[in-house]
Amino acid sequence: MEISVNSASCYKNDNLIFRDINLTLKNSDIALISGSNGSGKTTLIKSICGIQALESGNVSINDVDIENKNSTYIENIIYVGHKNSLNNDLTVYENLEYLSALDLSINSNNKLKIEEAMNYFNIYKYKDYPVKNLSEGNKKKTSLARLVMTKKKIWVLDEPLSFLDDKSTDIFINLMIKNQKNKGITILSSHIDLSKNIENIKHLRM
Amino acid sequence: MNISKIANLKFFYTKTEKIISFLSILTLFLFIAGIYWGLFVAPEDYLQGNSYRIMYIHVPAAWLSLQTYIFMAIAGFIALVWKIKIMEIASVQSASIGAFFTIIALVTGMIWGKPTWGTYWVWDARLTSELILLFLYIGVIVLYASFSDKRQAVKITSLLAIIGLVNIPIIHYSVEWWNTLHQGPTVTKFDKPSAHISMLLPLLYMFLVFNLYFITVIMKRIRLGIYMRERNSKWMKEYTND
Amino acid sequence: MLKIIVQKELSVYFRNLNNIFLPLIFFFLIISIFPLVLGPEKKLFDKIIPGIIWITTILTTILTSNNFFKDDFNNGIIEIYLTSDSSIELILFLKIISSWFFTCLPIIVFIPLVSVLFNISFDSALVILATLIIGTPVLISIGIFGSALTMGLSKNNILIPVIVVPFYIPVLIFSASAIEAVSIGLSYEMQIYILLALLLLTLPIMPYLLKYTLRLSINN
Amino acid sequence: MLKIIVQKELSVYFRNLNNIFLPLIFFFLIISIFPLVLGPEKKLFDKIIPGIIWITTILTTILTSNNFFKDDFNNGIIEIYLTSDSSIELILFLKIISSWFFTCLPIIVFIPLVSVLFNISFDSALVILATLIIGTPVLISIGIFGSALTMGLSKNNILIPVIVVPFYIPVLIFSASAIEAVSIGLSYEMQIYILLALLLLTLPIMPYLLKYTLRLSINN
Amino acid sequence: MEISVNSASCYKNDNLIFRDINLTLKNSDIALISGSNGSGKTTLIKSICGIQALESGNVSINDVDIENKNSTYIENIIYVGHKNSLNNDLTVYENLEYLSALDLSINSNNKLKIEEAMNYFNIYKYKDYPVKNLSEGNKKKTSLARLVMTKKKIWVLDEPLSFLDDKSTDIFINLMIKNQKNKGITILSSHIDLSKNIENIKHLRM
């Protein structure tokens, strides 16, 4: 699998956000997007997921533009944004159940998967907490737990490390390494330099 | 956690079980006696015949519906100001009892209205304000149910109940005013049943029985409330395991 | 998958069983405000009660569909929908249906009781029922479309109704005219057919329209 | 300080000059729905138009005050209020006033035009105007109180009106009764005085009550 | 000035969040509250600001309980929470103007102060951006900019470093050091160990 961003430029409200970004990632690549606040990391990540429209250039998976009808992007990409994408009134378990129902790569018999995901991030004890009663870090873990369940190969993550404590950060880094071993591609933004923790990380400075 | 408050809940929970079962039986017994008195012993009304007998349910229920609201608001006030937990529980638990009385008053009133006024409902002052009272109760119940944190919920509903209490006289007088200005099309004035002592006595008696019923049910519900709140606490587990 | 989605959409409402009663309580509350404001004259009230029922239902749908996507937007769930490989159209359809289920259906179920309470004739009650059953899903969908359009805006409580209510008008006109027709003994089939046509026009297209609107709205 | 707070409260609305017209458009839209639904009978409509004006105003206030604090709560601004050393009561008072200013006042200003459009007699129009001016601030405050109570909840679009509308009733009744009184040539001073009393009772207490409520609501 | 937390315990929904916390801070103290996700940092910080009610124990400033009517807590404490406390529709400048109007310790002629605060955090160029168009880090900086303006002495900050890039982190740490020099007290929660950057930091592990 290969995902590439080809001379992408983006404007918002007639302001240039970024110009001529190029990035090509193959199996097992991990790309860290870094840059100062307001440099356009979130915007780039949203473009890669097809949520943000580009002014010029494109994003393609296996050389098929993701805007193309035949594109398989939606079957391959999983996006975990800044916002937690959790319903505050549902419990942790119910949220994961819902999110896994939205992801066709997860088997229909997903009960085990959900428990595995909760255990992976040590949030099993919050299983029946409505999300609004979780601490900020535990919300983040719940939304990251989708990554444990999915079989999708291209992970696009916007500041996944925010609010995580040290232990959870390690757990999450291991998860990325696991994806790397499974030949998955990870694109993430962060202010933390992960090159000490992960080998062969590609660095994109905005 | 404040020792005296916990003890308070515990004291109530552990000491009232027997009293409640005694009260339940007593209330049931007195109620049956009252129904017998009202339905069979009390004399027939010369105007309304036997249909007036529904009064023995209607009037006490209507009185209690107001009384319960006052109770709910005062308990809520005590809960908020002095932070007494048992009052929090008492306040919120009385809402559904009050709503029950209100519904009884409304339904019996409507049933009674059909033979006396020829219709189930008129927009009479008293009827309208009783209907609004029902909505006030429902507001409290619905608000309570909307919160997942029940301790938070009681505080909020206590506040609502207090504000509602302030508003009840205003509503009452406004409705009265409203109705005196435009005359309704039908007989909207209550026919006061001839206040014969042999009819009044069973009414007073039923009023007392309804009060007893209220006391029994509110105690039961407070116990339930305490259980729901304290079911994870140590003393509760010990107590229920015995 | 479908099962879970339905379950979750419903359980947001079901969490509280009260939520089923809320629209009903609201309905009775608003209905009982009319005599207070218009005066307790029974004749007048009996005459306009079908209209009042309809007005009150409209309010319920306006309130329900107002800011329908706001929480999902703020929480980033819309973004997940748009990057999900399962059928978003289906999810949106289910969202429409379940919000109808929890706000309009309870009212519809109680129409017979309301009719008895307010002395509405059997024939009229039947037509009111029919128009509500057919009309409300259309109103709800239009309202939801309105809140998809304005998802990213704040302070839009009044904006959405202003956008949406003009689209309500065909439904209102044909419903009112059916009710009027039956009350003076005319046939009302025509109106019901037109309402049905509106329903069949709106409901199948709406999920696609909504998806497109969400995509536009999020890309700000 | 005061100046800036007022300025900011207003500028949230003013950002868009359109916002002043929105409640007005909403008002006309809803009013024009009534004849559609109730049938075009002019006599009936003329008779109930004052009531309809009032009902429509109620809707406006319900919609405006619904979820009044939700954005501020989600953004953490309520927390700032509660830890601020400047007078929160004053801020809350200004919030009430400015939301009234932008939702009720436009309607009130257009009442003379509405009266001409719908053949309302001069005397009636005057009373409608007076009751609206005195009554709407009370309704808005009550609605805002309701949304302070439910600030932390989601899916409360219908919940708030259910809690709040029973408290509207005194205002509605005295207003309706004043309007009725003038239409049959009776004196309506008494009702206006009572409405004034309600206003003077509600408005000064409300900021303190709101502050207390916000403190209770946030502490979850 | 002295702020102290005295054997504070807190329950939420009948769950114990923390128990018997003690903490006393004097002029120029900086306290870092750390702990794993869900350990109660945010809850403690809210109790210190009087937003969260305690079950037992209390918080006092100069030995006056903050619940006490005569307490000066509200004149001394400034709280910057997790949430940004910004109005999304107002611009950066307008938000700061509003927030400074809520803080009586700031002079009424605050125009200069606001410009200074924006310059301090390098967000002057976003002056006229509505906050909803800012990047996450710039939102955070806007809400932290209150600290540049205030004369209040007790700063209570919940994860102030989240979303900040490296440069902004340094800027913020300097601000805390400045407060320390001015004899102010800072209480903050963070997952980052700041003891390398700041001397004499007190550590509270939850």
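Order of writing sets the chain letters: A, B, C, D and E. Residues in each chain are counted from 1.
Definition applied: a residue touches a chain if its C-beta (ideal position, glycine included) is under 8 Å from a C-beta of that chain, and two chains touch if they have at least 3 such contacts.
Small disclaimer: the values here were computed from a predicted structure and weren't measured.
Think of each touching pair as a link: the shortest run of links from subunit B to subunit D has 1 of them. Of the two chain pairs examined here, C-E and D-E, it is D-E that is joined by more C-beta pairs in contact. Put simply, the chain farthest from subunit E by mean CA position is B. Ranked by how far their CA centres sit from the centre of subunit A, the chains are topped by B.
Centre-to-centre, using mean CA coordinates, subunit B is 35 Å away from subunit C. The centroid of the Cα atoms in subunit B and the matching centroid in subunit E are 48 Å apart.
Here the spacing of subunit A and subunit D, counted between their Cα centres, is 45 Å.
The residues of subunit C that reach two or more other chains are 12, 15, 22, 25, 29, 36, 39, 71, 74, 154-155, listed in rising order.
Looking at subunit B, residues 135, 138, 142, 146, 148-149, 152, 178, 182 sit in touch with two or more other chains. Those residues of subunit E in touch with two or more other chains are numbered 12-13, 82, 88-89. Across the complex, subunit A meets subunit D through its residues 88-89.
By the touch rule above, subunit B contacts subunit D in their complex via residues 132, 135-136, 138-139, 142-143, 146-147, 149, 152, 155-156, 159-160, 163-164, 167, 170-171, 174-175, 177-178, 181-182.
Subunit E contributes residues 12-13, 35-39, 41-42, 82, 126, 133-138, 141, 159, 162-168, 191 to its touches with subunit A in the complex.
Against subunit E, in their complex, subunit B makes its touches with residues 1-2, 148-152, 229, 232. By the touch rule above, subunit C contacts subunit E in their complex via residues 154-155.
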